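Below are structures written as structure tokens.
Next come two complexes built around subunit A: one with subunit B, the other with subunit C.
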Partner chain A sequence: METSKNLILGVYDNPDKTYSVTKKLISSGYSVYDVYSPFAIHGLDRVMGIKRSRLSVAAFLFAMTGLSLAVTFQVYVSYFDWQMNIGGKPSLHIPTYIPITFELSILFTAFGMVACFFIVNRMFWGKNADIMDIRVTDDLFVVAVDTKKSKADLGSLNQLLMDGGAIEVRERTKEL
Partner chain B sequence: MEHAEVHIREEKYQITEGNKKWAFGLMIVGLILAAIGYFTYHPHIEGLSEHDLHHLTTKRLLANLLVNGYFFFIVSICAAVFIAISQIANAGWYVAIRRIPEAMSEYTLIGGPILILITIFGLPILYHWAHEGIMTEGASNYDALLAGKSWYLNKPFFIIRMSAYFAFWIFCAHMFRKYSRNEDEIGGLTNYHKTYNLSTAFMVVFAFTFSMYSWDQMMSIDAHWYSTIFSIYNFATGWVSAITIIYLFTHYLRGKNYLNVATDEHQHDLGKFMFAFSVFWTYMWVAQFLLIWYANIPEEVAYYKTRLFGSYKFLFYFVVLVNFLIPFFFFMRRDFKRSRAVGFFVGGALLIGHWLDVYLMTMPGAMNLATDPSDAHPAGIIQVPFQGVGIMEVGFLCLFAGLFLWVTLKALTKANLYPTKHPYIMESALHDVGI
Partner chain C sequence: MSYESPIRDQLVTGGKTYRDVTRDITRPLENAPSKGWWIGFSLSTLVLALWIGATTYTFLVGLGVWGLNKTVGWAFDITNFVFWVGIGHAGTLISAVLLLFRQKWRMSINRSAEAMTIFAVICAASFIVSHMGRPWVAYWPIPLPNAFGTLWVNFNSPLVWDVFAISTYFSVSLVFWYVGLIPDIATVRDRATTKARKFWYGFFAMGWTGSTRTWHRYEVISLILAGISTPLVLSVHSIVSMDFATSLVPGWHTTIFPPYFVAGAIFSGFGMVLTLLVIAREVMNYKNYITIEHLDAMAKVVMVTGTMVGMAYITEFFVAAYSGVEYEQYAFLNRAFGPYWWAYWTMMSCNLLAPQVFWSRKARTTPWFLFVMSIIVNIGMWFERFVIIVTSLHRDFLPSSWTMYTPTVIEFAILFGSFGLFFFLFFLFIKFLPSINMAEVKSIIPTHAHGDHDHGHSHDHNHDLAEKGALHGN
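Then we have the complex of A and B:
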């Protein structure tokens, strides 16, 4: 597996330019590694061909885990292990389990999704963030082209990025 | 930004022959079914006198009118709430479909007076507290508990309250429509700001008045019983149903090649609303049920005893299953919220479920017969078992559904199908919820 990527960055000052240059790059056969923007640009995800996140599936599985654990625990505690008479209610009765089951499902979903998000994005404690260009945290936009995966001619890439209105084009290596 | 080109079209809905057939067909068939149901209803319940049984027929007729009048009225007023909430939130996405809730809210003009009429006729028959003598000391059926509430629960005050609420709500809904239609002509931001200001006032007043209104109209049917979460639960019923109808209308109009600015994205967001507020409805339902069930205080449990252990048992569970499980498991998927076929299935199921929910709130209390308090009937009430959802119920549902459909479709023809000069119309047309 490769450990670093050679990228060519085009820096833009306008979301519309970023959007149209990304579209043009992809249609000309370049591989866009990622686009960095201070805010979400509508429609960009579709242009980049990003697949739908599977986070919702993970969320459902976490919820089911929480639900089954909650039901198991409550049935064990209140029926098998130590029955108690509370207001004359039966020990094994579904309505009493609803609030705790509901809360635990949500708790597991919330924590599980946050954990998933960190793992998928490789955000660990102590890891330094490798920011593509510090200015994308403020007012600029960066389109990063993967040189190895791109099928089109890299010689004309510079011209294409500049034509799209780039204020700067440069090379960069990103450690994975 | 390069996007698909959006053309803002000025088009009005044209009522088709099919629409007419459906709306009037529903009304006529409904009326016939209701009449058949009414004249063929001869209850036989042991231990009841001939007079009581005759009284039961009237009760069932008026209770049906109340169920449908209430259901369709709260749906149409919740459509006005939808406009007000979106306006206050400065929402942009909903503008493409805004004329649908506007059209639905036009039903309040007819539904409000109808409901007031039903209530005037139904008060002494359906509402236990409004019976003759209940609040008169010394009468044979005197009920001290209800007499203590007489300063609030009395007929003149009840009707005055109700009329005042309705007048304000219907006025606001009317002004929303007026501003919106005026905007199509003059453009600019004047009407936008006016709607915003009125929406804030409407929402504050509505929150309080709807609570009180639902206590009056629905909770006071079981006059001994009270629940503090009842009004928000009723609001959830109306709100989910209103959004479901907006969702179905959007699907329908898009299928007829109207509403070119509304896309699957709008459908998706409305679907999310249906999903979210179905869960919200269930939350309210469980919150009300669980506390009363756990605390087990006799005066509170009475409401659930008739529904949970009596002949209403099946309906009681059925309503929860339909209103929770169907939207929860079908609309959890993204592509189902966008699908026309699944959308119609879930939407239809939700509407039936919430109608049955209103039915279940009304019927057991409204069908009860009054008697003198005794050891056998300490609350002065004879429980009447479930009389079934028969042709009378179906008939009245069809009648009101046809009326609602007709008024809404007619209202859609009165203005452009979407507000062409609304400041957010382009934002709404380009609305995108992402991948």
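Then we have the complex of A and C:
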């Protein structure tokens, strides 16, 4: 398994250019490792062939977990474990379980899904960010081309990036 | 098909570039605070001290220092609780509901509105704890196996639902807020010049790199968080209203309460957002981000929701008359014409009549006037809760226990002091975190549509670059 990647970076100052250059690179057979931007560029994920994230499935599963735990717990507590007669109200009364069940489903969904988000992105508190260019969280966009995986000729890559409007092109090694 | 944002009225004025956005919004974080900030922060700290003092006094001496009595067992405490929870609702509404409706004007106000939500819920929770009188047993509503035999909480009680609703609301809002902050915290990290800033912002940025893969997942979870926060915010105030609506007290026992409370919450929340933003855009010089159009849109929401609560007040009256239940009828007549008539008519004029001025565009676009109106709305909504709680309780079925409620100085001090707590947190927020969502604002700065098509307007690009001033890198 490779431990590092050799990347050629094209730095852009405009999301439109970043978008079209990425598209052109991919159609000419280059392998775009990733694109870094200060905000989400809509449609770029599709161009890069990123599959739709399954975090929504995770969210649904967490919601179901919260829902079943809440129902089980309330039924266990108020019916099986210790019945209480409060104003003659029934001990097993499904409609009154709805609010708490709803709240707990939401709680589990939010926390579970966000935890999964951090896990799949390998994000955690205190992590050292391996940023391609310090300006990428400010106003610049970086297209990173993976040299090993690219099938097209690397000689013309520089020209292609510059033609797309790059303000600079450089090499970088990224430790994995 | 990809989503293309249409070029429409500029949401950010002044021809800002991406760099300008970063600079403008990180300025308060990277420089010594202004005089205005110090004045505001010191004042709110003083008021916070009053809150700490009054609350501590209550805990030491007991609830007897409040004006409560056998008949009126809930008054200022629960009024303040409902008031603060209501304030919080605008934040979630702006960030979640407006996200689902793709209202892009939300982007420059959602961060501070969400912060407001969190701080308002903290204030609300403080009243829940203090109204118990014995804060050391505040964990009792949580269903824990305990030492009193197997005595669990009563799941039929809306008060228990409320514990779950408020804590879920607080924690989910916090998560939503934090997730939204991560890209901006990373921006501050990458600009940091001091060691401390580099460390702390780096710590909380969680290694954010701006990768498109991350952005893709980020958009997915933002949408889902918005999707679950929307029913959550509606459920929270519905459950708060059930604290009253499921009882048998005339004036509380009405099915209209949940929608009526939710509308009221949005109304008061937008009132508070206006109060904060009218000041913030002046003091922090954010007029290009929080434009007159933003204020106009918020004023419209205030007008609509104010009219909705006004309609609810009138509906309540009508239903009481139509029901033929004399207790119910008396409760409402007593509200409007009994000893607390002044509270009722304050509520009516502040919430129903006053916002009608917003039919005029001039009124919606004059900042000082909006500020005055926002205070009126807040006063009106505080009185709404006071009217609902106190006037319903002080005269119910049994005339022999009819009585009046008079708040004590301590209760006023706690109410006033809770604003200190709120503003103390808010001032810290604007000093240490970017108070406008930079990443989202950058995405709505006019740029050429970047949809799934080849650009047929490359001649525009030079103009585009000049407009952004972005040609000269760093």
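Observations, loosely collected:
Rule of thumb we're sticking to: the second predicted complex is superposed on the first by the 176 of 176 C-alpha atoms of A that agree within 3 Å, B and C clash if a C-alpha of one lies under 4 Å from a C-alpha of the other, contacts with A are read in each partner's own complex, and residues count from 1 in each chain.
The rule we apply is simple: a contact is a pair of C-beta atoms (placed from the backbone, for glycine too) under 8 Å apart; a residue touches a chain by one contact, two chains touch by 3 or more.
This one's a predicted model, so the numbers in the text were calculated from it and none came from an experiment.
On the shared subunit subunit A, the superposed partners subunit B and subunit C overlap sterically.
Once the two structures are overlaid, the count of subunit A residues touched is higher for C than for its counterpart among subunit B and subunit C. By the touch criterion stated above, A:V35 is placed in contact with subunit C alone, subunit B being left untouched.
Of the two partner chains placed by the overlay, only subunit C lies in contact with A:T109; subunit B stays clear of it.
Stretch 221-229 is the one of subunit B that runs into subunit C, the other listed stretches 5-13, 23-31, 59-67 or 221-229 having no clashing C-alpha atoms. Comparing the two interfaces of subunit A, the one with subunit B and the one with subunit C have residues 15-16, 19-20, 42-43, 45-46, 50, 52-53, 56, 89, 96, 99 in common.
Per the touch definition, subunit A reaches subunit B in the complex via residues 15-16, 19-20, 23, 42-43, 45-46, 50-53, 56, 60, 87-89, 95-96, 98-99. For subunit B in complex with subunit A, the residues that touch the partner chain are 1-3, 286, 289-290, 293-296, 332, 334, 430, 432, 434-435.
Contact residues on subunit C toward subunit A in their complex (touch as defined above): 2-5, 17-19, 22, 143, 149-158, 160-161, 164-165, 168, 171-172, 175-176, 179, 182-183, 186-187, 189-191, 202-221, 224-225, 228, 231-232, 235, 239, 242, 438-440, 442-443, 447-448, 450-452, 454-455, 461, 464-465, 468, 470-471, 473-474. The part of subunit A that touches subunit C in the complex is made up of residues 11, 13-17, 19-20, 34-48, 50, 52-53, 55-56, 59, 63, 73-74, 77-78, 81-82, 84, 86, 89, 93, 96-97, 99-100, 102-104, 106-107, 109-111, 113-114, 117-118, 120-132, 134-140, 165, 167-168.
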